[in-house]
Amino acid sequence: MLEARGLRKSFGALEVTRGVSLALPEGARHAVVGPNGSGKTTLFNLLTGELRPDEGRVLLDGRDVTALPPDARARAGLTRSFQKNNLFMGLTVRENLALALAIGERAGTVFWRRFERMPGLLARAEALGERVRLHEVLDFPVRSLPYGTQRQLEVGLALAIEPKVLLLDEPTAGMSAEETQAMTALIAGLPREIAVLVIEHDMEVVFEIAERVTVLDYGSILAEGTPQEVRATDAVRRRYLGERAG
Amino acid sequence: MDIADFATQTLNGLQYAMLLFLLAVGLSVVFGLMNFVNLAHGTLYMVGAFVGFSVATRTGSYWAALAAGPLAAALLGAAFYFLLLKRMQAAGPMKQVLVTFGLIFVGIDAVRWIWGEDSQSILAPSALGESVSFLGLVYPAYRLFIIALGLAVALLLHLGLERTRLGAVVRAGVDDPVTAASLGINVDLAFFAVFCLGCALAGLGGVVAAPVLQVYPGMDVAILIPTLIVVVVGGPGRLSGAFWGALLIGMADTFGKVMIPDFSGFMIYAVMALVLLLRPSGLLAARHGS
Amino acid sequence: MTGGEDFRRHCVAAVLLAAALMGLALLGYSGRDRLAEIAILVIFAMSLDLLVGFTGLVSLGHALFFGLGAYALAGLTTMAKIPPSLAMPLAILAAAIAAFLVGILAIRVRGVFFIMITLAFGQMGWAYFQRSRTFGGIGGISGVGQPDLGAIGLSLANPADMALIAIIAAALVYLGMARVTASPFGRMLVAVHQNESRARALGLPVQRYKLAAFTLAGAIAGLAGVLAAERTNFVSPDLLVWTVSGEVLIMVIVGGLGTLVGPALGAAVWVLLRDYLSAVTPYWMLAMGLFFVAVVLFADEGLYGLAARISRRSTRDA
């Protein structure tokens, strides 16, 4: 579904991504882990188009999208959530979801009908709100919501456009234990057809949702495999998980 | 165009470029540091010129004016910084820019109030009043002075950036404002110093330009537009951007006026349009995006 | 946008319309002329609100399209001898095309650079018309053709009729723009304004929408310019000078960004304030500048926003 081949990216003298390749089949549940500074978010930015690679290609559904900007990739079915909440802050939850749905449906060319009267839009916004467990706060301004709830909306917006590939950038960042559980359940409940790639620091979450794990270190892949395989790899244990007795 | 004409126009272009550089460098570096454009920068140029005019008239000395103009501009800038800019830091760059825009209106009428509507001028110092001849060319000494002054300022600023601690802080600030801020010590003071220096340079530009251009309420916007084009074309935040941008625009404007008189004055817009089309981040863009 | 908010805006707009029509009935010659001027500036200000308030693109060069509309009309009627009723829509089209072309370049930069670029383009236009012998240079062109409205018993040479046409035009533009800004298209513009990167990540072709907003705003400004040329029967480079762009921006911000009716209010307040202040002192721009700075610092939601906030608070307490 999503494929990265030999991505390289440097900022000045610093090479942040060194020849990373990745394959994400349909329905994948794949996590990217690694210490801070290992280039995870840069990798995401290369995949979504916010950054252009110096070398390498990105393929979406077999199609080379390396030259496409983020909005074109999103229209082709690839979208992301952000590490820091990136919401339409001045609006309510319902308005956020409706807006995202409208963008996904390319409704922006309609200029004469009232937005609220677009057939079924508000109903679908409500349904989407329920799917991401936000149905109780639909009419609250986003600004007034607790951080964890905002994170749910963060994922909800990305889901609104019915992507084929979903990139989640540290979805549980800054969350409490309950919030993390709620988010994990949300991710576990994502439609099976979507290919999901998650950047995560919380290894428990990784073990719960990921079927494959890629470990990044200083911009290149240290190990890749199922969570159990990766956990057992010496290199990983030494470098990332820390020395463990036995 | 024969060699002598070409040389004359090159010198004219260089002179105009140096003037633009004096204004653009302050604007550009302040933008790189503080992500903020002072649209009233031209007002400082105008105030420098008018204060210089008053001092020159009263003392009969051009050199006194040359000292007074930048000083007045720097003081005005400092006042603006403390009274408004610092308080608005949380408000964001857009609001700050709008405020400076409002101040343009205030500036023009304030100048009219104090100095009246008339055009004024400052006489070049007698030492530089003549034309010099060299290499078969006759050229006003004062304009050569402007070129020399501009180049000297560029050199001093370059050395200052590369060799002094303040310069290091400024360079760090432009490349990575977040880290620079986390270094804490005196970063605010550094920014303030840079801002005032930029204002002083604008005022200097005003006095320096006065014997060659007119001094009148409205000269602020007349120089602001080419200055903004220089900042956009050269790429904001860099001394080299301001320098080479000014050179490009100064030359383009001068040669454009001579070679295509019907479209005189439009060369700089054509250059701006071309740069926007091909390299929107500027020809020598700073590393962190706008 | 809640229904209550929309209703409040339409009410204020209706009140403004009523006041205008009353003024039309009661005022004398110069008062009616003033009304026409205000109505035209209302259209101009609302067009800029689409750009600044809704899409978040702060332009300091909007007078370019205002002036181009006016000059296009003047040129078409006096030089190409095209009848005014045909020349008017053509002039608006010319302004729209110019906005499209300038927009393509201007949207390649953001934020403060966008401000600088639009300022530069505005000045470029002014410099061109100042110098252009074809278009009369500093002296401008007079004798701009007016459409013959004799069939409906109106004559634009009569300030009362001109004011009526201008007021009706303003009302129609308001209704049309209210419709468009409440539509999905309008919401896309708000999305761009609120969070451009998220809109892009969701698949919105952001640049296309910015260009569309810029072009539409330019076209409506062109309409205002056409009416302005009709009103005074005269065009000059003064229509494009940077202070005009600045003043209309001030009207929009002082009135209240993103509300349509706020800028309409701002335009009226501006003209009345300007008339009052310039009678009192020759340095009215200084006062205006300070007033604008104060609004930006302390009441950035503008007069309408301030009034709306107070009324919301009082209805909550009541």
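A, B and C are the chain letters, set down in written order, and residue numbers restart from 1 in every chain.
What we mean here is this: a residue touches a chain if its C-beta (ideal position, glycine included) is under 8 Å from a C-beta of that chain, and two chains touch if they have at least 3 such contacts.
These numbers come from a predicted model, not from an experiment.
With contact taken as defined at the outset, there is no chain that touches chain B as well as chain C. Each chain gets a centre from its C-alpha atoms; the one nearest the centre of all protein C-alpha atoms is C.
Farthest from chain B in terms of Cα centroid separation is A. Here the CA centre of chain B is 32 Å from the CA centre of chain C. Chain geometry summary: the mean Cα position of chain A and that of chain C are 42 Å apart.
Residues of chain A found to touch two or more other chains are absent. On the chain C side of its complex with chain A, the touching residues are 179-180, 182-188, 190-191, 194-195, 197-206, 209. Every residue of chain C that touches chain B in the complex is listed here, in rising order: 58, 60, 105-106, 108-113, 115-117, 119-121, 123-124, 127-128, 131, 242-243, 246, 249-250, 253, 282-286, 288-290, 292-293, 296-297, 300. Residues of chain A that touch chain C in their complex: 48, 50, 69-72, 74-75, 79-80, 82, 86-91, 99-100, 102-104, 107-115, 118, 157-158, 160-161.
Those residues of chain B lying in contact with chain C across their complex are 31, 35-37, 39, 84, 88, 91, 93-95, 97-99, 101-110, 112-113, 221, 224-225, 228-229, 231-232, 236, 264-266, 269, 272-273, 276-277, 280, 290.
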